[in-house]
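Look for chain A in each of the two complexes below; its partner is chain B in the first and chain C in the second.
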Partner chain A sequence: MNIGESVNLYRAYYCLDCGVCTGSCPVSRVLPTFSPRLVVEKAMLELGDELLGDRDLWSCLTCGRCYQRCPTNINFPEFMRNLREEAAKRGLSPTLTHHGMLQSVMEFQAAGVRQKKTDWAREAGKIADTGEVFYFVGCMPYFSVIFRDIGVDSLSIGRSVIKILNAAGITPVVSDEEACCGHDMLWNGNPETFKKLAAKNIELIRSSGAKKVVFSCPEGYYTFKHHYPLYFGELGFEAVHFYDYIEKMIGEGALKLSDGARAYTYHDPCRLGRMAKIYESPRAILHSLAGDRFREMERNRENSVCCGTTGWANCSSCSKQIQAERLREAKATGAKTLVTACPKCQIHLSCALSSMEDMDLEIKDLTTLISESMR
Partner chain B sequence: MRKKARYVNEDLCTGCGSCAEKCPTPAVDTFNTGIGQRKAIYKYFAQGIPSVFTIDAPSCRQLGQGKKCGVCAKTCQAKAIDFEQKDRMVEIEAGAIVMATGYDVFDPSVIPEYGYGRIKNVVTALEFERLLSASGPTAGHLDRPSELTLEKEIEETGKEVRKLSARIKQLEEKQGKTSDEVISQVKAGASDEPLVEWAKQAESLAEMQAALAAMNRKMAAATTAKKLAFIQCVGSRDFRFNRYCSSYCCMHSVKEAMIANEHDREVHSSIFCMDLRAVGRGFEEYKLRGGQQANIEYIRGRVAEITEDEAKNPVVWFESTTERHVKSEVFDMVVLAAACVPSAGTARLAQLAGVELDTNGFVKTDPLMPLATTRPGIFVCGCAQGPMDIPESVAQASSAAACAAEAVIGAQITLKATA
Partner chain C sequence: MVWELMDLLGIDRRRLELQWVSSAEGARFAEIVTSFTGRIMELGKSSLGVAA
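== the complex of A and B ==
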């Protein structure tokens, strides 16, 4: 899709040039050269070459803060994604983090490399090859190895999900053949690899006989919920986020949580909050866990800010500044623990925290917290 | 039509106001947008017509709370108070109807990024109007809502402190001991129940006194608002809420900023807008005069977000689109130019009257017949038809009355009112 077609598709011509997007953008506050408003303006002035060649094209976090507030509903993240596809066609790409290791893993998976990544799940509890409920683990088995050095054990989330599902009498399907959901490839301007990965996953889940796919990762959930049907139509199974699932279990008394006496605050992930509109179920869980020791940061729900970087690309001093500010905001609530709900938020914020010596704060994933609080 | 009971005989009431003066029951002042209080017997606003008082039944001690009172009835020399009055259904046969049901102010609390309702010193233009009014709850001084709340807290805490210290003083006199002695006795291990309770109360008194002193210090350091931000297009020209322009807000923001500056020359106002729509004779000149003489700065940029700092000051985040720069600025108070929306009853009324509404929910009219609704004989004027300012509403009102007269003139009509 060329730039003109993107302008038409997202009705970018409705732009009022009001500046709400740029004023809301966490990147623009740190990096004055980046401005969503100017991106739209340039697109409409047909300054395509300048726009696509601009390195700032990859600075956007696609966090959706601008879209949430845009008075003319211009879906800037999706608009940006289309521009990136155009730029990628010209051979341009973002600056990949971790030397592109994670993108390589994604390409391997798209090419169909055999994986062996369910041992941890068998150790954690009961899993099956076929069944009603499929647990889509996502990339955590890889994260767990890669980010060991900053003390983040992403797989504790996966183990916790299995433990909690088992406790509720559910034996989920967990598969070695599961591929990356394709989220990062899609947002990095590579829809071809995304489509390959997605097709593999859809086929795998259909053949497992599952009618419900449970996600603990917001990116996987949102990609399945929003982008898979966009590219593949009706999926034949339902995507459910784990929090919605367990909020119900807590409500029905199937899951009992004990009080840990700590004060918590909660960071909304962009994909879970603004994009999937899941704001309340994690809060309901935290309330049942901590009562009024759960404290909101000033910027919460729709106003929440990104964890600083996305798609394993363009992690910069700008990211660090956004992260440090967010951590200080968490600290200001008086909470001792910042609860995250996305493995990437946990990694990114933990990375920033590790270089902030005087910051007395613990970062914990909500799912892990739930499993530790089970009675 | 239901004519609601006002519990005051309209034919007898002279509007003197001695009832409200003597009424012992305070109630929330709705005309002053909930800032400040009025009495349970009240007149909605000073210039209201007819100039007749009304009892706010749910707030009234006698009508609402079932207690004995009747102070107003005793005070009223005209004997106008009638606690037995009931709502009446009135049937009117009319040859023409003019719908002049006005508008509601958009509720900005649904916009998460502006923090209205959460950040105390973010107010709507209508609330600001009351704060600025000489007959309003602050007599026209720009006291900030955060300080008004603090004032209330000080009053309440003060009351508690006086009550508790009187109780403790009584104990001290009776027992011939000081509270300090009791506290040290308890600390030393005395477990006598009344003593423990006494010590507990004495300690909480000390805590409350310290809190009160802190609040008083804060209050003493507070000044009236000097630095104001006006935010345009709140809930209008916004696809999420209302697509239309509310048309009058640009001018009322300039007006409010001008009056604030006339009241206190130190007041500086920033008006944030996409374009300041000063359309009308003399409006553009008025806007310019505001910039030249009333310390008003016009900033091109729609406000993205409002946060709050430790001193309860709102912090406004925006992109100055002329400078292409994202900024944050601390203000004493932020005024939201909230949109004009159809009044809550418009849809129901339109259904009853059999008239159509436009896509925005206002009463539909034809551009060439701006006062005629879709049903002959029914006319509309003012903000029931769409957002408009006072002069336009007044002009429409006269025209609509003329249209209605034209419809019935020469016809034999009877105006019957049955009780």
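== the complex of A and C ==
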């Protein structure tokens, strides 16, 4: 889709030039050359070459804060995604982080390797090959290896999900053949690899007989819920986020949580919050766990800020500034623990925290916290 | 780390070799490369179906 078509599809011509997008953008605050408003303006002035060749095209976090506030409802993240597809066709790409390791893993998966990545799940509890409930683990087995050096064990989330599901009498399907959901490829202008990964996952889940797919990763959940149907139509199974699933279990008394003594605050992931609109179930869980020791940060729910980088690309000093500011905001609530709900937020904020020596704060994933609080 | 990632991807870890050889050790370099290429020949095509 060329720039003109993107302008028409997302009705970017409704732009009022008000600048609320740029005023809301966490990147613009620390990188003044980047401005969503200017991107839209350039697109409409048909300055295509300048726009697509600009490094800042890849600086957008696609966090959706601008879209949330735009008075004419221009879906800037999706508009940006389309521009990136166009730029990628011209051979341009973002600066990949971690030496492009994660993109290599995704390309290998798309090419059809036979993975062996479920040993941890068998050790964590009971899993099955076929059944009603499929647990979509996502990329955590790989994160666990790559981010061990910053002290983040992403798989503790996966182990906790299995433990909690088992405790509720559910034996989930966990598969070696599961591939990355394709989120990062899609958002970085590579829809072809996204489609290959998505087709594999849909086929795999259908063949497992599962009617319900549970996600602990917000990106996986949102991609299945929103983008898979756009590209593939009716999926034949339901995507459910783990927090919605578990909140029901807590409500019905199937899962009991003990009340600890710590004070918590909560960081909304962009994909879970602004995109999937899941704000309340994690909060309900935290309330049942900590009562009034759960404290909101100043910027919460739809005003929450991104963890600073996305799609394993373009991590910069700007990302670090966004993260450091967020951590200070968490600390200012008086909470001892910042609760995250996305494996990437946990990784990114932990990375920033490790370089802030004076910051007395713990970062913990909500799922891990639930499993540790089970009675 | 790469070996661990290869395990998860189901790629034989013997397909990757990491060695330090000083510029003065020509014979050792030749030996390592010969034995590594020999091993790859033995393993044949990878599961990805790309050229061996």
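Basically, the second predicted complex is superposed on the first by the 375 of 375 C-alpha atoms of A that agree within 3 Å, B and C clash if a C-alpha of one lies under 4 Å from a C-alpha of the other, contacts with A are read in each partner's own complex, and residues count from 1 in each chain.
One rule holds for everything that comes next: a contact is a pair of C-beta atoms (placed from the backbone, for glycine too) under 8 Å apart; a residue touches a chain by one contact, two chains touch by 3 or more.
Predicted, not measured: the structure shown is a model, and the values here were computed from it.
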Touching partner for A:Glu357 - first (chain B), second (chain C), both, neither: neither
Partner chain in contact with A:Phe108 - chain B first, chain C second, else both or neither: second
Partner chain(s) touched by A:Gly19 [first = chain B, second = chain C, both, neither]: first
Winner by number of chain A residues touched, once chain B and chain C are compared: B
Partner chain(s) touched by A:Lys116 [first = chain B, second = chain C, both, neither]: second
Which superposed partner A:Glu234 touches (first chain B, second chain C, both, neither): neither
Contact residues of chain A, present in both the chain B and the chain C interface: none
Touching residues (chain side chain A, partner chain B) in the complex: 14, 16-25, 28-29, 32, 35, 37-38, 68-69, 71-73, 298-299, 301-303
Complex contacts: residues of chain C adjacent to chain A: 1, 4-5, 7-11, 47-49
Residues of chain A touching chain C in the complex: 101, 105, 108-109, 111-117, 141-142, 145-146, 176
In the complex, chain B residues that touch chain A: 112-113, 233, 237-240, 274, 300-305, 307-308, 317-321, 324-326
